[in-house]
Structure formats: C-alpha cells, structure tokens
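In the two complexes that follow, chain A is the common piece, with chain B as its partner first and chain C second.
After this line comes the complex of A and B, so read on.
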C-alpha cells in the first residue's frame, strides 16, 4: 500500500506551505524526499530489523501530517551565550546553525525511511547551542507532543555544545489525550565539543496507541562527555536508534535506558557505540522490565576501529520477565579491530527472584506491590545516574506512576 | 579454483593432489542435474535417494547465499569450477616416499602416530594398520554397533537410517545443506543400540577402506536409548586438502537418555572454504556435546546446534577458534529449547593472530510455554596483534518468566606484564606467547581426549610461530 507521503503532489503542497524557508532548506527537503521516493523495497530478511514485527512501524495508517498548532514547547530562554529556539524560529534567526542538516546522516541502524521522511517533512523540534565555556545550572526543558488522530509528526533537533560548555537538557514526549493514534518521529543530531559536557534526559510517556520513532546520532569531540538517560514508559511501539561516535581522543559516552512494558507494548532498541579515536570510554546499560504481553528487542554493537587503541567499552542488557507471555530478544554485538582494548558485553534475561518476592510478602506486602518495588529497584541504577538529585526523585515517581497497583 | 580476491593465499600449500586420471569415476566440473544423477548412478542408489538428491539440487539452485549477514567472501566461491564427485574405486596407491617433505615434517612435529600419518597422507592403507583396527571393528559388531559409510548405510540399513536421514537438517535449511544433500558422498553412518556404552571413541579413520575425506561428506549418528558414544572427526591433514570447498552435513540423534559427544579438530589448509551444517536432536534426558576446534581453512562458517526436544535434555558446545593471517573463523552455536527443564551451555574461545578475524555467532531460543530452561553462554576473545579482529554477534530470544539466560563476552589482549614475567624466567617471546595462548584455551582443551589435546597444543605452537617479534 502506498502512503500519501510518497506522492509528489503531497510533497509539492507541503513545500508550498513552507515557501517562506530559505532556498537551501527547500533543496534539502527536496533532495531528502527524492531519496525517500527511490528507497529500495524493504527486504524480508534485514539484520537491522531482526526479531522486530516491522509492520507495526509502518506509516500506512497515519499518512497525514499533524495540524496541531504547537507540537513543541520550550522552557528556558536564549541568552547571550545560549541559543534555545524552536525549529521554525531558528530557520529565521539562525539559518547557519541549521545548515549542517544536509550533512547529518542519522544513526543508520535500519530506519532509513523514518530518517528521510523526517528530513523532508520536519516542522518542529528545537535548536540548542551553548557557546564556549558557558556553564548553565538550570536544565533546558523541551516538551514534545504526539500528533492527533491518524497523523504523523516529524521533528528534528540540533544540540550543539561548544568546547568546555556544560548543559543539561530534559526532553518530554507526551500525548495530548489518551486515545489518539499517531506517530511521533524524532531525529536528534547532537554534537559535543572538546571538553564539553552534556547531560540529557528523555522521558517518553506517549499514550498506548502511539508509535514513537526516536533516532539520534551523537558525536563526541576530544575529552567530551555525554550522558544520556532515557525512560521509555509509554507508546504502543517504540523504535529507538542510537549511535554514539567517539571522534575525538578520550571522549566519554554513557547511554542508559529503562523500559517498562505492559499490555502489548513493544520496545525495539538498536544501538551502536563506535570508537573512532583512541582512549575513549563508553558504557551502555539498557534495562527492560516486561509485564503482560510486552516485548523488548535489544540490539547493540560496540565497534572499535583499528586506530581506537586503549578503548574501554561496555555494553549490558538486562531483561526482567514478569509474565509468561513477555518476550525479550537480545543481540549484543562486538566488532573489535584494535588489540589494546577492554571490551565486554553481557546480556541476561530472567524472572524476579522468588526469594526476594517471598521476603517482601512475608513482611505483609501484597505481591503486586512487592513486584513493583523489585522493578523499581531494578531500575534504580539507571535513575541513579541522573546528575541532579532533585530530578532523581521525580523520575522515580514517573516510573512508579506507570505501574498499576 | 577460486576467483581472484583481495585475500592473497599461498596456493602452493594445497597444491598436492592425486592425479585425476587415476579415478575410476569422475563427475567432471560444475553442478547440474546430470551430475547429481551420475553420482547417484555410480553409487547404485535406490530411487528415493536419487529423488532426495534431485529435490535438494533444485532447492540449492533457488536458495540465495546468506550474504545479508555473512562474510562477503562467500561470493568468491565459484560453484561451476568445483568437482563434485571423484572416486577411485579403490584406495589411492602412493608410497610414503611420494609424500612431500613439508607434510612429513608437519606430521612429525604434530606427533601423529606413523600408522595414521601414512593414512592421512593418502598412502595406500597398510596391511598392519588394517589388522590393528579390524579387531576394534569386530568388537563393535559384537555389540551391534553399525559403523559404515553413507552409501552403505542407506543401502544396507535403510530401516535404521532412513527414518532420521535429512530430518535433523532438512535440505532446505540453507544453501550449503542443500548442496550437500544433492551431492553427498563419504562420511559416517553410525547406530548405537540401546544401552550400549562405547568405551573407546570412534574415529573416522578407523573405517579404512572407504572414502573418508569427501568434500561433501554426510554423517548421521543415532544413539538409541541409554547408549553413549564419542565420535572424533579429525581433519588433521594439515596443508593437504586440495579442494576449495568443503561442505559437510552432520546430523546427530540422541534418543532418550543417550549421550553423544562429537569432537572435531579442523585444520584444513588456508585455501579451503569450510561451510558445515551440524545439528543434533536431543530427546528426553539426552545429552549432546559438540567439541569443536577450528584452526585451519580460509573461511569457516560452522554453528553446531542442539534442538532440545525432550524434557531435561542438555546441550553443550565448546569451541576453540584460531584465526591467522587471511583466515576468518566464523563459528558459534545454536541452542533451541523446545521442552521444559532443558539446559544448555556454550563456551567459545577465539584467538586472532596477525590479520586474522574470528567471529562468534550464536542463537538461543526459549519460547514462553516452557519452564525452568537455562542457558549460559560465554565468549572470550584474545587479540594478539594490532591488525587482528574479533566480532561477537549473539542472538537471544527469550519468552516467559520461568526461564533464565545469561550471556557474557569479553575481548582482551595478551598481557604485557605476563609475557614479561615469562621472558624474565628465560622463555623467549614466541614461547611465552605460545604458552599464554595455550593457557587461554587450556580449560577447553582439557575436555578433549588426551591425544587430541596434545596435538592441539602443538598445533597452536605451530600457528603462533612467527606471529610476534
């Protein structure tokens, strides 16, 4: 079945609506759309989609663009040293910052379709640029809202942290109501410069009819530090693609994620930690607790180039199955081309420890509450990575709200 | 025989062959239906076997190469220049003097007994050796063990072997199992009656007057209820194999309470594509153990698997891979849990030397209706030089709250400190390195029967020569 995104009339109409944009932006959209229109047919056997019920991520039912007036709201202001603006505003005010878009490649972990659609049709998102040596205490907050009934929303964000700056960013992904079926496709391009530090927290609480595509590519410069903490709580299905390239010497990349699956929820996670430069460190920990019929797929790769000697890289996937029907698939991978390295990966899948459960029950705690406590404990080493202690408590509450007791 | 590629291989190493004119039967080069019919005709096979072969041939034609995930090097295989069947009608006659010196030397250094050495070198079977092994054969027959070649197995004992032949690994499993099913010859068919426990391991080269070193050998081992068997497949013919494609199919059937241990030491020369499909079926309380050691070949793709069909069945894969310059050891294990209380264990160790590349690919599957299944997987990789490469690609699919799996992999390099320590005690660098590598794989090597572990240690020493300094 063809979606309207594929029709050139549809794209034409969209372009006319955005005719106020500079010519290079229009060219970029046109080019992306042409590449989308000529994408080769999806193959049945694609390693990048292994174990994934791919049809659940199709655009067939949501092939109209969103018409909600403000899909992204920002909290936190631009200042002399920081630019924090919505996508549309930045096109007008800071076209130069957006001009990197044509050279952005995305994570390239399977969702070419979403990436090219996002490049063609993105209408929202934000730009965060911190100038050299600027340290901001207050977190920048961005709230994204999923589109209304049977529509798709494409958005792009650019985060660029100049050398020696330090910034915290929190992104919320929410639905405006509990019943709309829609697709929210988000592309993030993140660059952390020399000696700079970025903490990013992603909280996804979409309603359980929505689809969430979350594609991010992170580039780390020399001595740069990036910590990503992701809470995947909502949506019917979520596809996360995360690529971290350590381009500068001794860059440090921490990627933490937790998913709480209920009903028929699907979390499809694909990650790569790519060490291009030597002395880099990366640490990945993805934890999934799966209830009812939920399903998680984790596919991760550590890639160490021949030049990236003295790399320390770890990748861990832990799955907790709380029902007979829950399902977890792991594809932890290593590709090591340098010999002076410390690399390891681990993947485990198991159920709740009977003894722990018994202990709590023997103290008079009902089984369901005991399970909840154990799951919260299971997630603690992700939430505990949050740099700001005030935030930790609120994130705990977020997770616990999603538990039916 | 292989199209030119970027991997440069010393073809002279394997350039040691029987003159083809000595063969009584030759199917020529290339593969077609006529070739399949010819092979079947030469073997005087029943119609159902010919049908099986023809069907497999058509599957082979249709199946794509697995290159969407596997090494692109596979595309260098030219199926049209391969000889699919050669048989001499009798043993090749050649004297020990005709065997090139370097091969003799290798045998010497490996410490292979003279009898086997001559056999491995393709020298006509010696009368003495026949006598030595035939007593063993007699003993086996007394116990009711059937130990024959694939042709004899299907011809003389169809009532035993037909039931399982091609059932564990159907022809359509992959392109190379289809190829093997179309043109197979050689290999071993073994049946162990209920309750018989073989004290001695069976080895392929006991069965002297048959074709052993087929390119497309087919092995089927059936261990009946409560029986035990250890089978050793020694491709210990170093730098000798002339063919460029070796594609075997090995099926094991362990019925209730049976135990099978299958040991392979693969040391093909560096111009061989070794694409082997090995799978076992384990019924209730049965135990299957694959011990797999890959040292030779240009590209090996081999993932021994166990389908745990009965309650409390157990599967195990112990694997050692050594990849040197120009080699890619793509090995792994598959554990398919299909009954409750089944357990599986995979321990894989690989060493990459020079520009060698070793990969681990694994599959563990536990569906949700099962309970109390367990899997443990450990992969350790050792990188010797800065150009060495290692990859790990496990796939683990688990359902249900009553099962548990754990997977761990680590990559490390030789510790400079330990090498220094050994050098300080008077070992030279190469010896120290060799000792280190032997230590790394030691806990797996101990699982091998004595003579194999000695041989393996020496093989590792040989491979490590000149890899440092």
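After this line comes the complex of A and C, so read on.
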C-alpha cells in the first residue's frame, strides 16, 4: 500500500510550508525525498528485519504530518562555548553545522525508509555543539513529543562535541497525549571529538498506541568516550537502530539499554559496534524484561576491521520473561577481521526464577511487588552505569512508575 | 487457639510422598526443636507451611491461631505472621537488603501508609549491630555472594524486623562459626516472648545449648515419630537415630 509521503504533490506542499528555509536545506530535502521515492521495494526476506513483524512499523495509518508539530523543548542555555538550539533555529543560525547533513548516512541497519523520510520531512529536533575543552556540569535536557491524531512527526538532531569537551545530555521522548496514535521518527547524528566525553540518557515514555523509531549513529574520535543509557518504557512498538563507529584510536563506546515490555509492546533493537581504529573499547548491554504479551528482538553485531588491532569489545543481551506469552529473540553476531582482539558476545533468555519469587513472597511481599523488585534488580546494572549519581534514583523511579500503569 | 497446629498433614512433590500424616503443635510462648535424619522431610514441612508452590498438599490441616494456612499464597501466610528462615536462602540479584526489607515491612502496613525512612533505618542499623553485621551490607544485593554465615545472619535480621508470630528456623546454625553461633542464638533468644512460637530445625545439640527447647521432636519418613523434653536431644547426640528407626519399624 502506498502512503501519501510518496506523492510528489505531498512533498511539494510540505516544501511550500517550509519555504522560509534557505536553498541548501530545500535541496537537501528534495534530494532525500528523491532517494526515498526511488527506494527499491521492501524485500520479503530482509535479514535486517528478521523476527520483526514489520508491518507494525508501517506508516500507512499515520501518513499525514501534524499541522503544528510540537517542537522539541530545550532546558539548558547556549553560551559562548555551547550552541544548544532547536533544529529550525539552527537552520537559520548555523548553516555550517548543518552542512554535514548530506553526508550523514544514519545507522543503516534496515530503516532506510525512515531515514530518508526523516531527512526529507524533519520538522523538529535540536543541535548541541560544545566547543573545544568546554566542560559543562549541568545536563542539557531535551523533551521531544510524539504527535497524536494518527500523524507522523520526523525529527533530527545533531550532537557535536569538540575535542576535550565534556557534556551530559538527557533526552525525554513523550506523547502529546495519552490516548491517540502517532509515529515519532527520530534521527540522531552524534560526533564525539578527540578526548571528548559525552554521556547521554534516553527516557522513552510514549503512550501505548504510538510508534517510536529511533535511528542513531555515533562517531568517536581518538580517545573519545561515549556512554549511552536508554530506558525504553513506553510506545506500542519501538524500533531502535544504533551504530557506534570507533574511528579514532582508543575510542570508547558504551551502550546500555533497558526495556520494560507490557501488554502487546514490541521492542525491536538492532545494533552495531564497529571498530575501525585500533585500541578501541566497546561494551554493549541490552536488557529486556517482558511481561504479558510483550516481545523483544535484539540483533547486534560486533565488527572489527583488519586495522582495528587490540580491540576490546563486548556485547550482551539478556531477556527476562515474566509470562508464558512473552517472547524474546536474540541474534548476536561477530565479524572479526583483526587478530589481536578480545571480543565476546552472549545472549540469555530466562524465565523469572520461581525460587526468588517465593523467597520474596515468603516475606509478605505480594507477587506483583515481588516481580517488580526482581525486574528492578535485573535492571540495576544498567541504571547503575549512570555517571551522575543524582540521576540514578530518578531513573529507578521512571522504571518503577511504568510497572503498574 | 494460640498455636500453630498441624493435623494429619500429607504432602508430595511430583509422585513422591514426603510428609505422611504429620501431627505437631507449637503453642505460643514455647520453643520446640525438630531433629531428624537427612531427607526425613524437615525442610519440606517448613516450606509446605510457608506455601511453597512446588509441593502438593494431599491431606490434613495447618492452622495458625485458628486460621487455615494451606491453600493461601506465600505472601498471605507471611503477613498472617509466619516466618521461615531458610536452610538455603535465595540470592536476589540487584535487590538491596534495605529495599528488600522495606518492601516486606511496607507490605504489612495498611494501604496508603508509607514507611518512615529515618525510623526504619534506625531500627535496621540497631539490629544489624546486634547481629554483628556491617552497615554497608544494606546496599548489597540480597544474599548475592554472601558467605554461608552471612546469609544466616541476614535471615535472622529479616525475622527480627518483621515481628512474626511464629518462626521456623531451618538449620540456621549450619554454616556458622563458633562466635557467629553465639551471636545468632542471642538474636533468636531475644525473639522469645509469650506471644511468639519458635520452631528450630537442627542436627546439633550445640544450638540447643543456647536456645533451650521446651520440647524436642524427631522426624522420620515424613512424620513426627517421637517427642520429648530437651533430654531427648542429648540422647540423640549420644545414640544417633538407629534405635528410633528400629522402634518405628517394630511398631
């Protein structure tokens, strides 16, 4: 079935709405849309969508854009060393920063369609640039909003941390309201320069009718450090594609994620840790706790190029099933072309331990509370990675709140 | 009414019958001991009473102060006032001792009422001091990586925080060093009071030197086959179980 996004009239109308934009941006959109319109048909058997009920991520039911998209709100100020602005504002103020867009490729883990739609139709997002050696104590906070009324919203963000700067970024993804359906598709382009450090936290709390597409590519320079902690709590279905490219010597990429599945929720996660330069480290831990009929898919690849000697790379996926109907699929992968490497990957799926459950209950704790404690315990080694100790308790609360909604 | 009273209790796991028409009464204010050879069903009895789902009750009753326990959920039984200190306490990764015990205490409060954190920690620390537990334990995951003795102390800590009406201590003395045995026994003795019944399951007289029982029972093949006063334990220590097994076989 065709969506209206494919119609050139639709794109034309969108372009008119955005007629205030400079020509280079219009050209970029036009070029992206042309590539989208000429994408080959979806393959029936696509390894990048293995196990995924792909139709759940289709745009058919939400193939209109919102008339007035709720823009990303930002907490934290620009200063002489930091640019922190909405994407639209940056189009006018910082064309140079956005000039990387045509060369951005995204994670390339299956969602080409969403990536090109995002490049064509983005109306929201932000840019964060920290200048060389700038260290910011306070976290920068962004709040993104999924649309309602069967609409889609596309957004992109650029995060660029210059050499030796250190920044913490927290991104919340919420729905505009709790009852209606919408799709939020987010593209993040992240670059961490030499010796720079970026801590990023994602809290996703979309309502349980909505779809979340989260496509990100992180590029790490020499000695750069990136740590991500994602809490995937909301949405009806979420597709995460995350690529970490270690381009400079001894870059360090840490990617931690937890998902709490309820009802019919689906978490479809595709990741790659790509070691291009030597002496790099990467560590990935994705944990999914699945209740009721929820489902998780994890497909992760560690790729080590021939030049990336002395790489340390770990990848772990753990799934905890709390009901007979819950389901987890795991596809861990290694592709190692260097010989001096330390790599390991592992995936486990287990049911909740009946003896643990009995132990808690034997102290008077009701079953549902016991399950919640066990799940929070299961997530503890993700939340515990939070670099800022003040945040730890609030992240625990976020998970806790979702348990009984 | 103020008893934990077990009548003709039979229970099985899978096809195997483990408890056979067991009778036993623990009045409030008393301390009883159950001894018996390995595999005679002592831990099974305690887990059946606590509502463990692995065991099927095939007959009998177990009433605590007049309330039937069999068929209730484990958490209901616990909130009614039964506490079981496990022979093999379970590790609960990622759940700290403090959070665990808080949740247990909270489950006993009326709906909507919450724990007063300051008082809770004051009491917790006091009891940990008594048991010779380092306060830093509160943030460690429940039983994870604990030594045998630390696990047993932690069971007693939970027991003393939860104010149960009846306590069953399943081989709480095993795995304790000599000093720990004294400390833990003192902890148990402090729990003695006219409104509480205590049942200790043990293999060794040395625990009963500290915690003097009002009655001693011998369990064999899923039944109480002999009961007596504290001298029975001394007799067992001296003679072993064979003479009792022979008596049972002869009967």
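In the analysis below, the second predicted complex is superposed on the first by the 402 of 405 C-alpha atoms of A that agree within 3 Å, B and C clash if a C-alpha of one lies under 4 Å from a C-alpha of the other, contacts with A are read in each partner's own complex, and residues count from 1 in each chain.
The rule is short, and it goes like this: a contact is a pair of C-beta atoms (placed from the backbone, for glycine too) under 8 Å apart; a residue touches a chain by one contact, two chains touch by 3 or more.
Fair warning: this is a prediction, and the values are worked out from it, not measured in the lab.
Chemist: Does chain B (first) or chain C (second) touch A:325, or do both, or does neither?
Modeler: So A:325 only meets chain B here.
Chemist: Touching A:25, do we find chain B (first), chain C (second), both, or neither?
Modeler: Neither partner.
Chemist: Per the contact definition in the header, classify A:345: touching chain B only (first), chain C only (second), both, or neither.
Modeler: Touch partner of A:345: chain B, not chain C.
Chemist: A:309 contacts which: chain B (first), chain C (second), both, neither?
Modeler: After superposition on chain A, A:309 lies in contact with chain B alone.
Chemist: Does chain B (first) or chain C (second) touch A:104, or do both, or does neither?
Modeler: Once the two structures are laid over each other on A, A:104 reaches no partner at all.
Chemist: Considering only touches as defined above, state whether A:236 meets chain B (first), chain C (second), both or neither.
Modeler: neither
Chemist: Is A:361 touching the first partner chain B, the second partner chain C, both, or neither of them?
Modeler: second
Chemist: With both complexes superposed on chain A, which partner does A:45 reach: first (chain B), second (chain C), both or neither?
Modeler: Touch partner of A:45: chain B, not chain C.
Chemist: Please tell me which partner, chain B or chain C, touches more residues of chain A.
Modeler: B
Chemist: On chain A, what residues does chain B touch that chain C touches as well?
Modeler: Touching chain B in the first complex and chain C in the second, no residue of chain A appears in both lists.
Chemist: How about chain A: which of its residues touch chain B in the complex?
Modeler: Of all residues in chain A, those touching chain B are 43, 45-47, 50-51, 306, 309, 319, 321-352.
Chemist: Per the contact definition, I'd like the list of chain B residues that touch chain A in the complex.
Modeler: 68-69, 368-369, 381, 383-413
Chemist: Can you check the complex and tell me which residues of chain A touch chain C?
Modeler: Spelled out, the residues of chain A in touch with chain C are 353-356, 358-367, 369-370, 373-374, 376-381.
Chemist: With touch defined as at the start, can you tell me which chain C residues reach chain A in the complex?
Modeler: 50-54, 73-75, 77-79, 84, 86, 89-95, 99-101, 103-104, 107-108, 141, 158, 162
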